[in-house]
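All remarks here apply to the structure that follows.
Going by the order they are written in, the chains are A, B and C; count residues from 1 in each one.
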């Protein structure tokens, strides 16, 4: 009898331990992600929808900006510029699409042809950026550019150019990202407020730690912050500054702060009086106490800015800029010198509410300007770039990311500060800047380019005082202590990676 | 009765066309250029490339004269083709349907709660008019009408989500997410329904049939609950129907605060993004729905009233 | 029993009016109640708790909260007053005229009113305020578009009742012109109920305006505004609840006071509530 009981217990133990070994608890991680608009069931790769695909590790581009800000091979193993307008990209071997289709030159050409043919091209691309694509065998792609372009590899690190399997692209419809990427995670389901992803067991980049990821779309930053505190989410992206003191008091939560390539600036419409006078522009610069703004409104999270680029961007930052330290007396003197009495200078100060810190910063600036005799009429409304671009504004407080298109400031400098720039809100035109930019496009060595950018910064900030750069923003991410191997990406492209893990 | 029905219903299509006209021209009156709106919606910082603008214009048929566009829009509406959102490029009809399903759940739960709470309160108030319970309910109903729903929403979130952590602060992912929004929205209907029930019950108590029942020996309380309430329910039910119509679009602030993907939030986001097809189709759809519900409720009220009027109320 | 009822309603109507007058007094006399400028920022004094220096503390830009509340009522109250007045005048005239004229005109007008009364007012207000530039006029329009209809219904109902009175029929028979009949016999019956309705609609209008301000469509910064103050305070409400309690409380108190006054007046004037649309 006793023997039978022992046998029974032994058998049951064996069965249960076999069963639990056969199905260990799944490692599941939940991310609360910010979203202005929910991505549609149809995915426009040229729009900001794609950040949800790259952030979740579904879709990968040929080239990658790594977590230290360097350009590294991704789906392309190497690249070479064979002549002024031709590049050859060698593709990595061992990559396979999640639906089993082979990753080869033809697949890459199909994907890139799609992104070239959409009605509104992604940032960093014009209709002549790439003029033709051809295959050199199965493992290499030849790309012809319209004009000599040293930055083609940078442009192909843009997540808008990420590569999906050929069957994802159907004529007349948006591409389907379900099971058609190359990345560590496979998109299984998408609903109006969440995405569900599972591990890609055949990922070329190696072992993927997590089994499942839930990517929740939560537009409200305060709510996202709350979700990490309650455990509803393991990672909360883009936390508002107002929530940081609460999160930092919580011992189960880690707040990650990273200086972002994003600067808040007061853009002046230089084509209009009184901004045509550089003394007025410099007066405005001296009137603003950037340290106080960062210390109080931003609660110390951020850095006062001198020029557009942050201390993290050491490669091309001009750290020798003089800038404009807070000096209201000097501001008043400059205005007087330009012939304006207190109250003479009046203009509208525009800003928009979708970035929470902008309205209070604008209010503070309004008051600081009032203290030196400038009357600014504040208007807060949703941003309409078109009005701004058409010149229908006087000043605009804007949060501007300068590495959004390619991980190189050329796109930003050209768009914002060249005479014919597509985002030249200031209506600024200085031929020296245009000349330096043209030189930089011709330069082959990055160092040469970066030195030219430094000269441009000097002109824009110290000589012409085009834009009042107020502060550099900080990317704020909160995650529970259970999350392992999280690293914030400099361009915020990749959140969920193969290395990301969670303790049970 | 049939004549009344026909007259009311005949007007409906005319009214709907009138509403469509207003809605169609509103953005144009406001000086919104659809092409720029699309461009702005698709790529936040875009190239003001004239070639791109022309392509978009052609793609959407925006280069045709205005009256033609209105008529073709109307024709497509009638067929059920509500166009495509500028922002997400999904069919508008689908977006509206999804939103409506969510809002209908929210509003349905809210009105059910309101009826369950308010009707008994109204009856109790009617049983002893003028006494402290009646006065309490009266004051409660004034308070309910005057309370700002956005303030209540914030206070509930502050207490139950942020301080206590019992409920999630926003979203729509399960029953726990429904508690606070339903409570917030229920304040005003409870206040109005309780007051209306009280008035209707008092009215019903003045009827011959009520006295007849009392004369038959039933207790006052029982007669009220059984008899008067039955008659009083008719105006209350029509009131509920009217509130349903109003709340389908009127829940927008609550949906915004709690992040509920209902039709109010869909339209709010559409307005912020100047997503014209969605705004226009959505408004026409909601207003039409409200008009139809209102009309049917009114007709039902009139139709059912004669049953009450059979016994004259005492002077 | 009805006398007891009347007296108690007098009390609430008076209480309501009293509170409302206090609120109006605070907004009008703000400069005498506080020496602080509601838009004056002192950044380093941000988020101070209530003290002798700042009765309600300060907001995120160091502005005195009591001053912001006191001055912050001017914009919403003024807009609501104008909007309700315009609605009342327009709606009452339409209702009275339609009630006298009758026939097809009345039929068409009533159907139109059916449509407008079905508009969810906050949504329509939102669309109008967002598409046109936010401002005083836009907000008045946003409210008036739907708010004239309850007045029209009320005026028509009362006019229909008066129509049956002998002296009206007599005046018509004698050939008196319509505008004269309206002016001499109809309008003064309307004043009381319309005033009562006006109070009720004021409460509803104020809540809508404050709601639109909360969504950012009201007074533009840095001007103080109760609804906008709620939105500004929201991210900080866990750390500093008073920033959300104060503006909400005053909106609520003001709306409650006019609702009490309106309900009381409604009963005093024995106005027909007319069916389920109270």
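Operating definition for what follows: a residue touches a chain if its C-beta (ideal position, glycine included) is under 8 Å from a C-beta of that chain, and two chains touch if they have at least 3 such contacts.
For clarity, every value in this text was computed on a predicted model and none was experimentally measured.
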item: Busiest interface, counted in C-beta pairs; value: B-C
item: Centre-most chain, if every chain is reduced to its averaged C-alpha atoms; value: B
item: Rounded Å distance, subunit A centre to subunit C centre (Cα mean); value: 46
item: Separation of subunit B from subunit C, taking each centre as the mean of its C-alpha atoms, in whole Å; value: 21
item: Between subunit A and subunit B, centroid-to-centroid distance (C-alpha), Å; value: 40
item: Per-residue multi-chain contacts in subunit A, two or more chains; value: 222
item: Where subunit C touches two or more other chains at once, by residue number; value: 234, 238
item: Of all residues in subunit B, the ones touching two or more other chains; value: 162, 272
item: List of subunit A residues in touch with subunit B within their complex; value: 37-42, 44, 46-48, 119-123, 126-127, 174, 192-193, 216, 218-220, 222-223, 226-227, 229-230, 232, 382, 384-386, 389, 415, 422-423
item: Interface residues, subunit C side, partner subunit A - complex; value: 39-41, 43-44, 46, 60-62, 133-134, 216, 220-222, 234-236, 238-239
item: Footprint of subunit B on subunit C - complex, ascending; value: 1, 4-5, 8, 12, 107, 111-112, 114-115, 117-124, 126-128, 130-132, 203, 207, 210-211, 214-215, 227, 230, 234, 237-238, 241, 244-245, 248, 251-252, 255-256, 258-260, 263, 273, 275-278
item: For the subunit A and subunit C complex, residues of the former touching the latter; value: 221-222, 240, 242-243, 245-246, 292-293, 295-297, 353, 356, 359-360, 362-364, 366-367, 378-381
item: Subunit B residues within the subunit A interface of the complex; value: 33, 36, 39-40, 42-49, 51-52, 55-56, 59, 87-90, 98, 161-162, 165, 168-173, 259, 261, 269, 272-273
